[in-house]
Structure formats: structure tokens, C-alpha cells
Amino acid sequence: MATTEFNTSLPSIRQLQELIKQKTLVEWKLLNGDLLTGKLAWQDNNCVCIVDDRNRQITIFKQAIAYYQPK
Amino acid sequence: MATTEFNTSLPSIRQLQELIKQKTLVEWKLLNGDLLTGKLAWQDNNCVCIVDDRNRQITIFKQAIAYYQPK
Amino acid sequence: MATTEFNTSLPSIRQLQELIKQKTLVEWKLLNGDLLTGKLAWQDNNCVCIVDDRNRQITIFKQAIAYYQPK
Amino acid sequence: MATTEFNTSLPSIRQLQELIKQKTLVEWKLLNGDLLTGKLAWQDNNCVCIVDDRNRQITIFKQAIAYYQPK
Amino acid sequence: MATTEFNTSLPSIRQLQELIKQKTLVEWKLLNGDLLTGKLAWQDNNCVCIVDDRNRQITIFKQAIAYYQPK
Amino acid sequence: MATTEFNTSLPSIRQLQELIKQKTLVEWKLLNGDLLTGKLAWQDNNCVCIVDDRNRQITIFKQAIAYYQPK
């Protein structure tokens, strides 16, 4: 799993920071076909951590994400 | 997710910049088989952000893209 | 298999360290669709090693992990 | 998507340059199972751009290619 | 295929060295769903080489491994 | 596609060089499930080039290889 470039000047990193701030509900579609839904708690180089509607923490490796979109 | 080489002298990066400028409708085929359609809003090292026909923003990780073609 | 950034200041690395300490039972969903369950014994740049309910050690490459969540 | 090593002394890079020059029709088999056919227009670190039999440009990320062979 | 970090101080690298020494029979589950069984002959940055029960050498790219476990 | 470490002291690189010299018939199993058979013509950081039984050249990206074994 390559390290993401965690450069806060990148639009993609800033967009994730904004989703954390706004507590937006987001759909995360993964490379294995899984679809997860939850609010973004934190992100780092390797992962994002979301909280789903049953208040469970799920840590997703960024390497596994195909795309995400606010619900 | 490895960092793309974001070197604006590369044809592939310039091509994406042109698609943003032209507001071209593009099909994005992903490694998990998903097919997304939308206009390119922005790109950075890690991702492209598209707007679909229902005006929803979808952020796609470049690592997940198989190929893209203007519609 | 790219090397994870093994930087103990990263939340994702610290979270895994905490799971080791707490001996938490965790579900590991992989990019090939496999779902493994076990307690985390150790982690390094490349892998995590879990112990399942039949006390078997399974070494998972971090490159293969989609997401994980405490049971 | 890791950056290819774009070193024109590499046989694989030179082979692609030759396919551009010869305007050879090539089959591109991708990691998601897709099979594309087209002549190679250009290549860079990240991508190859092909033109198919309906004269459409398709930009393929090198990360997604399993193998290619002249038709 | 990214280079593994081949640092013999890493638990995962040492564990593979131990499996070589002990001539342990190991199951290797790959990202494409294949399941291979064999004893580990050698490892390097890129690959592991196993010998199966018909004494055939199979060289597995580390990039393709999901997980492994002693039988 | 990450660059392989092309270090001729690595057993995996030397093994491929030997397969070229011996003109061995090899089975190549890929991450998308494809199985190709052919003799190895050349290798570099990014790819291997094989010649199949109909004398066709097929260039395989090393990133796509799960494993290989002499027939």
C-alpha cells in the first residue's frame, strides 16, 4: 500500500478535511465492490476512519477506495 | 495508493487539464468494473473530481481508474 | 507491495497499536473479498499478524486490506 | 497509481515507442478483464493513449494494464 | 509492483525466514483468489519461491499475496 | 505501476534471466485470472515479454503477475 501524498494543499486532502468538519454523510465505493456509508472521523496517509449509522468505527485503507461521494 | 506523477509536462496530465477547460463529458471505467460519467471539475496527484448529470460531485482515486474516454 | 508509511504518529498506525494492546477481536475485509477475524498480534510496514479463534496465526499483507473494524 | 519508470533505455518503453511509429494495431488486456483494441497515439509515465477503430481516443492508465500484444 | 521493504528487522521478513528454516508447509492466499500450498524455498524484495507437493517450484510475486498461514 | 526493483543480485531477477537463457516454457498466472504460456524473451523493470506457441509476442506488466512456474 503506497503512501498517499498527504499534502494539505491538495484539493483531495482538503476535501476530506472539509467532510470531517461538516460531518457529512458519505458513500465510499471500494475496489472490491464493497459500498460503505459513514461520516469521516479522521484521515491520514494510509487510511480514512468513518463512523457508520450504528456508530461503529470502520478504518478504510485509502489504497482500497475507488471513489466517494456525499450522500 | 501511490502518488501519481503530477507533472504538467506529461501528456496525460495536460489532457485532463484540457478536459476541465472544455467541460467535456467523459466516461471513466474503473478497475472494479464501475463505469462513471461526468465532467471533470479538478484533478490532483491522488484524485479526479467529476460532476455527474445530477450535479453530484464524485471524487475518484486515480489508483482506481482503468481508462477514460470523452463521450 | 508498497511499503506502508510506518510512522507511529499516524492515527492509523496508533489505532493498530491500540488494538494489539487491547487484544480486540477485529474483522479484516480484504481486496479479494475474503473476511478474516482475529486479534492483532503484531504489525510492521508490510503486514499485520492476527490470531484467529482456533489460535492459528495468519499474516495479512497490508496491501490486501480494504478495511477493518472491531467486532 | 505508481509512476512507471519512464526510461527510454528500457525495452518495454522502446517497444511502445516502436508501436507508435509503426501504427500497429494492438490488443490491450486490462486487470479488470476489459479488452481494448487500438493503435497507440502516445505514452507517458502514467498512461497510454490509443485510437480505436471508430477513431475514438481512449486513455488507459498503465497501472491497469495486464498485457498487450500486436494483433 | 512496488518493492517490498526487505528489512530483516521487520517481523514479517523474519517470519518468512523462519518458515524457510523450519521447512513449514504454508498456505498462500492470493489477491486473485488462488490458494497455493508449499514450503518456502527463498524470498526477496519482489517474490517468494515455494515448492509444492509435486516438487514444482512456483514463484509468487509478493504484490499478489493477500495472506499466508502455516498448515 | 510501481517499478520493480531490477537488481540482478535478487534471486527473482536471476531466476527470470535463467528462464530466458534456458528457453524454458513457463506458465504465467495473472491477477485478473488470465493464464498465459510462453518462453521468456526479455524482462525489464516494468515488464516481461513472452513468445507463445503461435510465435506471438505478448508483453506482460510485472504488476499484473500473481505467479509463474516452469511447465
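The letters A, B, C, D, E and F name the chains in turn, as written, and every chain counts its residues from 1.
In the analysis below, contacts are C-beta pairs under 8 Å (C-beta built on N, C-alpha and C of every residue); 3 or more make two chains touch, one makes a residue touch a chain.
Which chain is which protein? Per UniProt: A, B, C, D, E, F = RNA chaperone Hfq.
Just so you know, these numbers come straight off a predicted model, no measurement behind them.
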item: Contacts common to chain B (RNA chaperone Hfq) and chain E (RNA chaperone Hfq) (chain labels); value: none
item: Touching both chain E (RNA chaperone Hfq) and chain F (RNA chaperone Hfq) (chains); value: none
item: Farthest-lying chain, centroid of Cα atoms versus that of chain F (RNA chaperone Hfq); value: A
item: Interface residue identity across copies chain A (RNA chaperone Hfq), chain B (RNA chaperone Hfq) - same or different by half; value: different
item: Cα-centroid distance, chain C (RNA chaperone Hfq) relative to chain D (RNA chaperone Hfq), in whole angstrom; value: 36
item: Distance between chain centroids, defined by C-alpha means - chain C (RNA chaperone Hfq), chain E (RNA chaperone Hfq) (Å); value: 18
item: Multi-chain contact residues (two or more partners), chain C (RNA chaperone Hfq); value: 1-3, 30-33, 63
item: Neighbour-by-neighbour ring order, given that chain B (RNA chaperone Hfq) leads and chain D (RNA chaperone Hfq) comes next; value: B, D, F, E, C, A
item: Chain F (RNA chaperone Hfq) partner contacts - residues on chain D (RNA chaperone Hfq) that touch it in the complex; value: 1-5, 7, 10-13, 15, 29-33, 62-63, 65-70
item: Touching residues (chain side chain F (RNA chaperone Hfq), partner chain D (RNA chaperone Hfq)) in the complex; value: 1-3, 30-34, 36, 42, 44-47, 49, 56-61, 63-64
